[in-house]
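Starting off with a structure, shown below.
Order of writing sets the chain letters: A, B and C. Residues in each chain are counted from 1.
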Amino acid sequence: MIEMETTSTNLRTQEMVLNMGPQHPSTHGVLRLEIELDGELIVDVRPHVGYLHRCFEKHCEAMTYPQIVPYVDRMDYLAAMYSEIGYAVAVERLLGIEVPERVEYIRIIMGELQRIASHLVAVGTYGLDIGAFTPFLYCFRDREKILTLFEMTCGARLLYNYIWPGGVSHDLPPDFIRMTKEFLTEFKPTIVELNNLLSYNKIFIERTANVGILPLETAINYGVTGPNLRASGLKWDLRRDDPYSIYDRFDFEIPVGKGWHGTVGDCWDRYYLRMIEMEQSVRILEQAIEQIPEGDVTSAIPKRIKPVEGQIYTRVENPRGELGYFIVSKGGLQPHRVKVRAPSFVNLEILGELCKGHLVADVVAILGSIDIVLGEVDR
Amino acid sequence: MIFDYISSFLGAIPAAVIAGLVPMVFIIPFALFAVYWERKVSAHMQDRLGPMRVGYHGFLQTIADILKLIQKEDIVASAADKPLFNIAPVLTFTGSYAAFAAIPFSSAYIGANIDLGVLYIIGVSGLVVAGLLMAGWASNNKYSLLGAMRSAAQIVSYEIPTVIVILTLFSMVGTLNLYELSELQSSNMFNWMIFGGTVTGWKKIVLIPLMFAAFLIIYLTTLAEVNRTPFDIPEAESELVSGYHTEYSGMKFAMFFLAEYANMFAVSAIVTSLFLGGYHSPFGYLGNTIGITWLVPIEQFFWFAFKGIALVTVQMWLRWTLPRLRVDQLMVVCWKYLIPLSFLIFLIVSLLMVL
Amino acid sequence: MKQYISNIYSALATVFIGMKITFKHLFVPAVTIQYPDVRVTLPGRVRNRLYVNMDDCIGCDQCARACPVDCISIETVKSVPGEDLGKTSNGKKKALWVTKFDIDIAKCCYCQLCVFPCPTECIYMTDVYEFSEFERENLVYSYITLTKDEVLEKKANFEKFEAEKAAQKAAPKPPAPEKPAPPQA
């Protein structure tokens, strides 16, 4: 952090307002930032959201439960599988149905593959924000392999409509397990390579370590979740602390930020935590692929979803944090109200807090390390 | 010298014009090639193919790009300062083009054999800063202004270590004439300045690591002067969109682009002339062996271009590997690392020369 | 001072490690392909342009109801007794003339929700993914097999039939209002 020099109290300089976005290479979508600058030092940052608002929540009230699934995909388009898992878990709990064992395993495999894919984008674009172009393309190369696996399974690469309340739309294709194993063996060296190319690079460390430090208390006060919270040092992962699906059966670690190159909760920690989480996802995947049972995947899908009157809040650990669904049912075919607690939206709130006193270049570094998806921020 | 040769039967002014146009014949094809080369190098480093459509493996891609740029509408923002806005790209290109005057391409061609050639180049590249500042200011765009301010700070401060390294060389060889400097490094690869020049004995062994360090320093500083990653802060595309040339389009943008690539070669050429033996071959000359003397300058030109392009390739390699520094870290690298180190080298080398 | 030297060392070392990696990748074959010349083989389940096999369509409107973006619009006319519409490939008898089956593919979100409820599996997603158009109207695909005249004829037939029914109903007052017999099934 650069210390602001107070040369003279009676010398007043005019502050410049710099408008960053909504069309800007590194606002990760259509986010608009209003930055108040003193020279290149940041006095204040005000994020303006809503450029991608699609009335998702209101729209849900006019659609039947299965019809909402394709819309859920479009919230966090980098982790659409996980949005679907969250929605499916919520509706299942509302209906009180159990899903077959195989479906649970498929969901976990898909979810963890999606977590790797999403973190790859986060890590790659973070490199891009810092100015390193090449790691981005290495990340995308591997993400494409995951998307090919998804395409084999459900026919779509980005917006899947695969995980339905009560089951999944298709069973795994015959080659899936073999190809996933191949992918995992190929992917492990890539993490090492990415670390050598980007994470341990001195310039990269200089750019990110000790920048945008998020103290644990601030993080909790702002409701930050996911890798951002864990990088600040709290071991809080819903996969372990509020288990849904069958995550309690797997052996994996929850990494926390340790301030490897600077202070706990700086940008480097947030970035590197995603690297470790990818390794842990690989671990879960390896176990899940070994254990997956045979069975029917569509048997538990209800013919028509018509829950009784009631309401439910469920939360899952999306690659970006706590993704919560609050659904109110008045007994009809359509939900009475759907509210989504989007992790990106909540995490974005800390941007102003983190940026104060930094340089313009750091805004990009901090914004990238928070890893937001505007589709989810605006919904 | 080509100038003397032409002026002997055409007069001074036409000779100056002709001699002045010769580098243009080199720069424009070079820039076209370098853009293509950069795209190809980056593509293959990133497991891609790069341009493949236009011509064999996309070889004519840059020509197609230029044709596109020529056709583009020349947009000038209504709030821009029009005269400055129009002059800026020309001035930038002039600055980098003027630097070619003092660069010895081969023993037969040097635009102007100036005694203070190196200093002339350093001075004339200062024009580039003026051009960038003008572009940044005249665009009336905050991003452009920030980019221009950054580039001014950067280029000015990075000239200091460059000059100190040149001073080191000056203390060794006693000349700032690039032609003479190149001639001093002739006949043998180990006469190159990077290997301690023509100094002999134990001093040479001491000099080699120092000269390597000096070479690295001048390479880094020149990298910063042409705004390449990791020092591409003025045009940092992820922060400032594209810095001072955000508002430019069409041919004016192409001028900036051309200036950037011309500059890349210019600084590589300076580094080559100073440290890597200039236009001299690391081995003997084919022309001397088989007795065709006119072949020698052509061979020399080949070696010069080869070394220059090799250094440019390393610039590209660095660009596609490294992240970029922040503006204050850039200053830290310059003032806390490069300047003290170059002073240290200067001190030791000068002492060695006195001994 | 120690920090100073270690900074220089780590900067140079990590830069060289990075350069080594990118250099190695210079010789890795490209993972991208030359798209229009070379194409990836798409998996069997791929979801692209919708297609409707009208021979099998019974006009049940289930796909249109499943669609979350309402991009399918179907209109049907009941057949009058005596008309034979044939059977679908899985043995269902057709009873409705499908006079309009439009899919606005520009609206379609490729979610495949329309495919699952179809009782005759006549609507499905193909692997055609290149169908861009200059006019948005061209993206409204009409799948009906009837010509315009035929559509009018069927409508007229049905209206005539209805009118006859109504006339029959109107003439003898007392009998209970009997619905026109559903034309087969």
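Just so it is clear, a contact is a pair of C-beta atoms (placed from the backbone, for glycine too) under 8 Å apart; a residue touches a chain by one contact, two chains touch by 3 or more.
Since the structure is predicted, the reported quantities are computational estimates derived from the model, not experimental observations.
Enquirer: Contact counts by the stated rule: is the higher one at A-B or B-C?
Expert: A-B
Enquirer: Per-chain C-alpha centres versus the global one: which chain is nearest?
Expert: A
Enquirer: So what's the Cα centroid distance for subunit A and subunit C, whole Å?
Expert: Going by mean C-alpha positions, subunit A sits 31 Å from subunit C.
Enquirer: Where the CA atoms of subunit A average out and where those of subunit B average out, how many Å apart are those spots?
Expert: 44
Enquirer: Calculate how many whole Å lie between the centre of subunit B and the centre of subunit C, each centre taken as the average of the chain's C-alpha atoms.
Expert: Result: the chain centres lie 59 Å from each other.
Enquirer: Return the residues of subunit B touching two or more other chains; collapse runs of consecutive numbers into ranges.
Expert: 45-48, 320-322
Enquirer: What are the residues of subunit C that contact at least two other chains?
Expert: 7, 15, 18, 21-22, 25, 31
Enquirer: For subunit A, what residues touch not just one other chain but two or more?
Expert: In subunit A, 134, 138, 141, 197-198, 201, 203 touch at least two other chains.
Enquirer: Quick check: in the complex, which residue numbers of subunit B touch subunit A?
Expert: For this pair, the touching residues of subunit B are 42, 45-48, 142-143, 146, 229-230, 232-233, 236-241, 320-329.
Enquirer: Enumerate the contact residues on subunit B facing subunit C in the complex.
Expert: So the residues of subunit B in touch with subunit C come to 41, 43-49, 52, 317-318, 320-322, 337.
Enquirer: Okay, in this complex, where on subunit C does subunit A touch?
Expert: So the residues of subunit C in touch with subunit A come to 7, 10-11, 13-15, 17-18, 21-22, 25, 31, 42-47, 66-68, 109-113, 116, 125.
Enquirer: Within their complex, state which residues of subunit A touch subunit C.
Expert: Checking each residue of subunit A against subunit C gives 63, 66-71, 134, 138, 141, 144, 148, 151-156, 159, 161, 169-170, 173, 193, 196-198, 200-203.
Enquirer: Which bits of subunit A are touching subunit B when the two form their complex?
Expert: Listed in rising order, the residues of subunit A that touch subunit B are 2, 16, 18-19, 24-26, 40, 127-134, 137-138, 141, 197-198, 201, 203-204, 206-207, 359-364.
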